[in-house]
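What follows is a group of structures, each given as structure tokens.
Both complexes shown next keep chain A, but they swap its partner, so chain B is in the first and chain C is in the second.
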Partner chain A sequence: MKTTLALLGLMLPGAAFAQDATLALVGPMAEYKLYVADETQELVKDTRAFTDAVKAGDVETAKSLFAPTRLHYEKIEPVAELFSDLDVSIDSRADDHEAAEADPGFTGFHRIEHALWATGSTEGMAPFADKLMADVEDLAARIDGLTFPPQVVVGGAAVLMDEVAATKISGEEDRYSHTDLWDFRGNFDGARKIVELFRPHVKDDAFLATIDANFDKVDRTLEKYREGEGYQSYEKLTDDDRRVLAAGVNTLAEDLSTLRGRVGLD
Partner chain B sequence: MAGGHDPTRRTLLRGFGAAAMVCPFAAGMARAEGNAAPDNNATGQPRVTQAPQANESSPGDYVSPYGAHQAGIVTPRPAHGMVASFHVLADTPADLERLLRRLGERIAFLTRGGEVPQVDPGLPPADSGLLGPVIRPDALTITVALGADLFDRHDWLSPHRPRQLVRMPKFPNDAPDASILHGDLALQICANTQDATIHALRDIIKSVPDQLLLAWKQEGSVPVIPPRPAGEIENARNFLGFRDGSANPDASDAAQMDRIVWVGAAQGEPGWTHGGSYAAVRIIRNFVERWDRTPLAEQERIMGRVKSNGAPLDRRHATEMDVPDYEADPDGEATAMDAHIRLANPRTPDSRRNLILRRPFNYSNGVTKSGQLDQGLLFICWQADLAQGFVAVQDRLNGEPLEEYIKPVGGGFFFALPGFTDAPDDYPGRQLIGAIGRTTAPA
Partner chain C sequence: MAPAGPSLNMKPVLIGAGILALAGLGAFAAATRHAAPGLPQGARQIAVSETACEPMAMTVPAGAASFVIRNASSRPLEWEILDGVMVVAERENIAPGFTATLTERLKPGSYQITCGLLSNPRGTLTVTPTAQSEAARAAPPTAEFIGPLSEMRVRLIQAGTALERDTAALADAVAAGDLDAAKAAYGTARASWARLGTATARASDLANRMSPAAAVLAGREADPGFTGFHRIEHGLWTKATTEGLEPAARVLAADATEMKARLRDMAVDPADIAGDAARLARHIADGQARQGVNLYSGQDAAEFDAALDSIAGAAKVLAPLTTAAAPDAAKTVESRIAATRSAIAAMGASPEAEAREDVAQGFAALGQALDALNPALGLDAGAAEAGAASGPASGGGAG
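Coming up: the complex of A and B.
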């Protein structure tokens, strides 16, 4: 029922997008909402296991769950960021805060990452674990009731690439655990999902071929670092491969920045 | 969109007309005689390091990017300059050619200016819009130069490396910061305004995202001075408060530039390099707080010039364009033997081989962790022979008293490609791509 209402919300007048284009996009928008719902459910489930381990003082288990849990968040980052209060408490980095690691406002995944890798202890982390769990559940509840603005969804493909280009390619996101390549995976998958859903509405085969080629290029480069279910440390990434990734991501960000316009949205 | 009522557009067109006839930059590029004069003769022609004059520069100033040499080297220095260094992604000669052609296209548009292309408002704009809907030339130059790293990385490119192009070595007083050193390709971007240089950089970053990755950049500027009486020359002051560039060779003397700046047959360099030039770029931090606490007489002794007027110390009431007589001062009574200008250019018959063309900018970046000003000199010099030029000069300067007040922290050696024309199939680096094609073509 909620989903139906949300979809109806797409058609409310007054929003800054073309009605015709929006109507045509109802199908992929609904599919995207299902994708986000699935990822959010996984995020809640995995965050519970992760925070349980933290509260139990099981550093090794918590470490092993950190990157795979974040993967779900990274895939849906553009939507998650619609709730800026939660994005700050779930995913901000130390340098988003004036007193860095010591700042009381530094909470969420990276606060716990700092404890697990930099200090090697979960001592004092229980309140942060509880807060993270509560924030993630809050996020899931809000997403469930959310009307997705189509511009945010279609534009999210470029936003995901911008995220990598602006604040991830340098390895600064997961600076204590060096699990950045997992986050790249999440951002690439999230962006490609959007392209796949809206592909039928893009009338430019050469454009799509370029996008596909660049996704393939960054995928091939990233897969060189696959290890088991996940990825090697960011520190293993060579300068040459980092540059290939950076150029691919920059190019995708430029090209995908036209996706909204190409499917008829402002 | 079009329309004769747009005043900006009319200004632009007027600017083009003016540029063709009375542009101050045209004179400096046209002059070719006068090789009997001293190196730094006050010929009345604009000097490369001359301080830009207020109200003289105009958005209509057009510096042609075309010719036997790239612009931005012997053309007079405008008020703002930047060096941006990039990593290059080019696996094949065809990739490199594609990159250079695209750079040539952007340079052609950005330096000439014109209306920004209009796109569907549902798409990101084609231009950053920093300069408004009509881009004016604003004396913009973009000089393309390649670093040793690029040649080293590819087997198909390394045989064509300019003979003297190496990674800039660490000199004794340097404190190299790896994050602002070297690079595959450097662009020197100069213009009347900082906005024009930033606009050009952003355009290029957006235009070539798949082949250029920005590694570092340093911006700088030189003070604009009120107009001087005709014939009077003032070189711009650096952040140590001294005139900088007084002894520079006359960039409007083509014969001298052929000897000092442009690579030619005389250097034994690969044929494709002829018409290019070596750049030594040095980001030289100045410890200005310490300098400002140093007695004036000591500052002048260290530099070898009068601070107020730039005159040599053996004739304090002359001008900065007058030349010190070291022969009459063999023991350094007037100008200390280790004064900066005496070490840099001892003015002996031998040291004429070490002349370089300096074209630096002052930079002011922010505040260090210690709470001191992070400012200094974006030193840029051009020469046909790197070993005889910058390296020889720096070797003489090593250990100079000025070192207590300066710390080179970044930069690199780069080779500026030969010039290119507006012919449809020409672009910067065409000569290099041609040379690669000849060596890799099937027999």
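Coming up: the complex of A and C.
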């Protein structure tokens, strides 16, 4: 039956476009949105547990949930950061704001991170927790309604690596909790997912082998710091390993920036 | 979000000594992502100070545009082009005193640009139409349909997942002998089925097993081919029992799983988005609305609403293209969706023949409005018709 259907498929109007490489990207684009939808659901669920702990004043539980919750956001960052208002309210850092930590506009994950680690208290955090939860739900609804732009998705692999290289490898993202290695995991997984989905449309085995080797290299380095479900403090990262990670991530960023062109989207 | 901090992959390139005063660098450096030296042809220069962009307003023609952004402030800079709250393009992490280049293909319209700190005022970027952009607006190139086609497929797969879940719940309720729960589960599963729209017609073998109407079978309700949804509906409402229905319910659930799997690799064509939606509208207008679909339960309003959801979804994914190419045609579709929605609500409240007629006319008018979309997008309407001929949705017994 399946064979018959496949043959029927060839006679459908789609066959007129069979030679058109760009429409072959519809499959991986759809699979990527389904991946993002799953991660977004997890993000909503975990953010609820995290913000509940914050509001209950349970500092230890909140601390333990911070990094695993962010992991989902970091995986889908190329899409999540398309919404500039939510990216600011969910994930901005103190130095994006005029008055840094004291700025009323400093909200979201890092505002709560600052309270949990720098002041060791959840006092006054309830409104920030409520706002974070509402923002994450808003993000989920907007992602659900969004037609993903192909250039953003395919370019997202390089963007993720670029961000790690440019603004994360220094340990400044999670500067109060030092849970940066969790974020790296999310960024690596998110980038690799994009590569896996679009791999069949890249006609250069040597290029793919280089990408794989570099992903493997950064994975091996990161895995040295695995601890239970997650990772050790960023402060444990040796200078040598930081250099290895930086080199691998930089090379990946450079190489992956050609992905858009390679699948015919430039 | 990831601004701040010096970039490890910046590749400073000497390009001139125009602005020596800056940060005492002696020469200013261009940070480009891939060491492409020099400036792109016709690149626009923009500087960002502590408080503003210079200039605050720019105009460029549609197509590929390059911007050379100089960070004249004391903080690391993220520069974005925004369409409302949506980021169209961005260049992150430009260190103080450095420049970076951003090249992006832009469509005509009004955009905003960020200028440093979140509290700083934003500048404007106006992109004016060109002959080329006008041609692409009237007949979008194939690549413009990757997004809409992907989104349609996502919606189908998600509807297929819901159908799988809901038919399994129906089978469980039938197996448990809980008549009320089974009736409720039937309605839920049926709405998920309707949300698949005409996609089910592309798996006609499954559709004919999952939802044949008794009227197209020689032995009607007694026919061994009377399987799937309506067989179960007939049992639950006409015979008012779950007895003997479990095998049919389990087969239906298994078929839903198979249907879901097939949705993942169905053939796609740009003209199918509006074409399939129009065909579904006509299919309901020509028969289902007047004659009824769920003859034993009489529960058609929720099902038509769900079918309308799938049509509205198709109109929505095409909207960015149709509103640019043919705003009037797009508006007509929207208003007819709204009118049909009201007619269905009225029918749900009092399901008389007159109300059904209004629903039929609503879907018929909607079908006509949808027919106008493909020609407006420069797509071959004949292609969609060829697709219709290979599927059974146009006629057939699956309803």
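In the analysis below, the second predicted complex is superposed on the first by the 244 of 266 C-alpha atoms of A that agree within 3 Å, B and C clash if a C-alpha of one lies under 4 Å from a C-alpha of the other, contacts with A are read in each partner's own complex, and residues count from 1 in each chain.
FYI, a contact is a pair of C-beta atoms (placed from the backbone, for glycine too) under 8 Å apart; a residue touches a chain by one contact, two chains touch by 3 or more.
Being a predicted model, the structure only gives us computed values, none of them experimental.
When the two complexes are overlaid on their common chain A, residue A:Arg260 makes contact with chain B while staying clear of chain C. In the superposed model, A:Ser92 makes contact with chain C only, not with chain B. Note on chain A: of its two partners chain C and chain B, the one contacting more of its residues is C.
Contacts of A:Leu34 after superposition: chain C is touched, whereas chain B is not reached.
When both complexes are overlaid on chain A, the residue A:Asp219 reaches neither chain B nor chain C. In the superposed model, A:Asp138 makes contact with neither chain B nor chain C. Of the two partner chains placed by the overlay, chain B and chain C both lie in contact with A:Ala246. Shared-chain residue A:Glu42: touches no atom of chain B or chain C.
With the contact threshold set out at the top, residues 246, 250, 253-254, 257, 264-265 of chain A are in contact with chain B in one structure and with chain C in the other.
Taken in their complex, chain A has these residues touching chain C: 1-2, 5, 8-17, 20, 22-23, 25-27, 29-30, 33-34, 37, 81-88, 91-93, 95-98, 105, 147-150, 162-163, 165-170, 172-173, 246, 250, 253-254, 257, 264-265.
Those residues of chain C whose C-beta lies close enough to touch chain A in the complex are 1-10, 33-34, 75-76, 80, 82, 85-87, 92-93, 114, 117-119, 142-143, 145-151, 153-154, 157-158, 202-203, 205, 262, 264-272, 317, 320, 383-384, 386-387, 390. Taken together, the chain A residues at the contact with chain B in this complex read 214, 243-244, 246-248, 250-251, 253-254, 257-258, 260-262, 264-266. Within the complex formed with chain A, the chain B residues making contact are 87, 89, 120-124, 206, 209-213.
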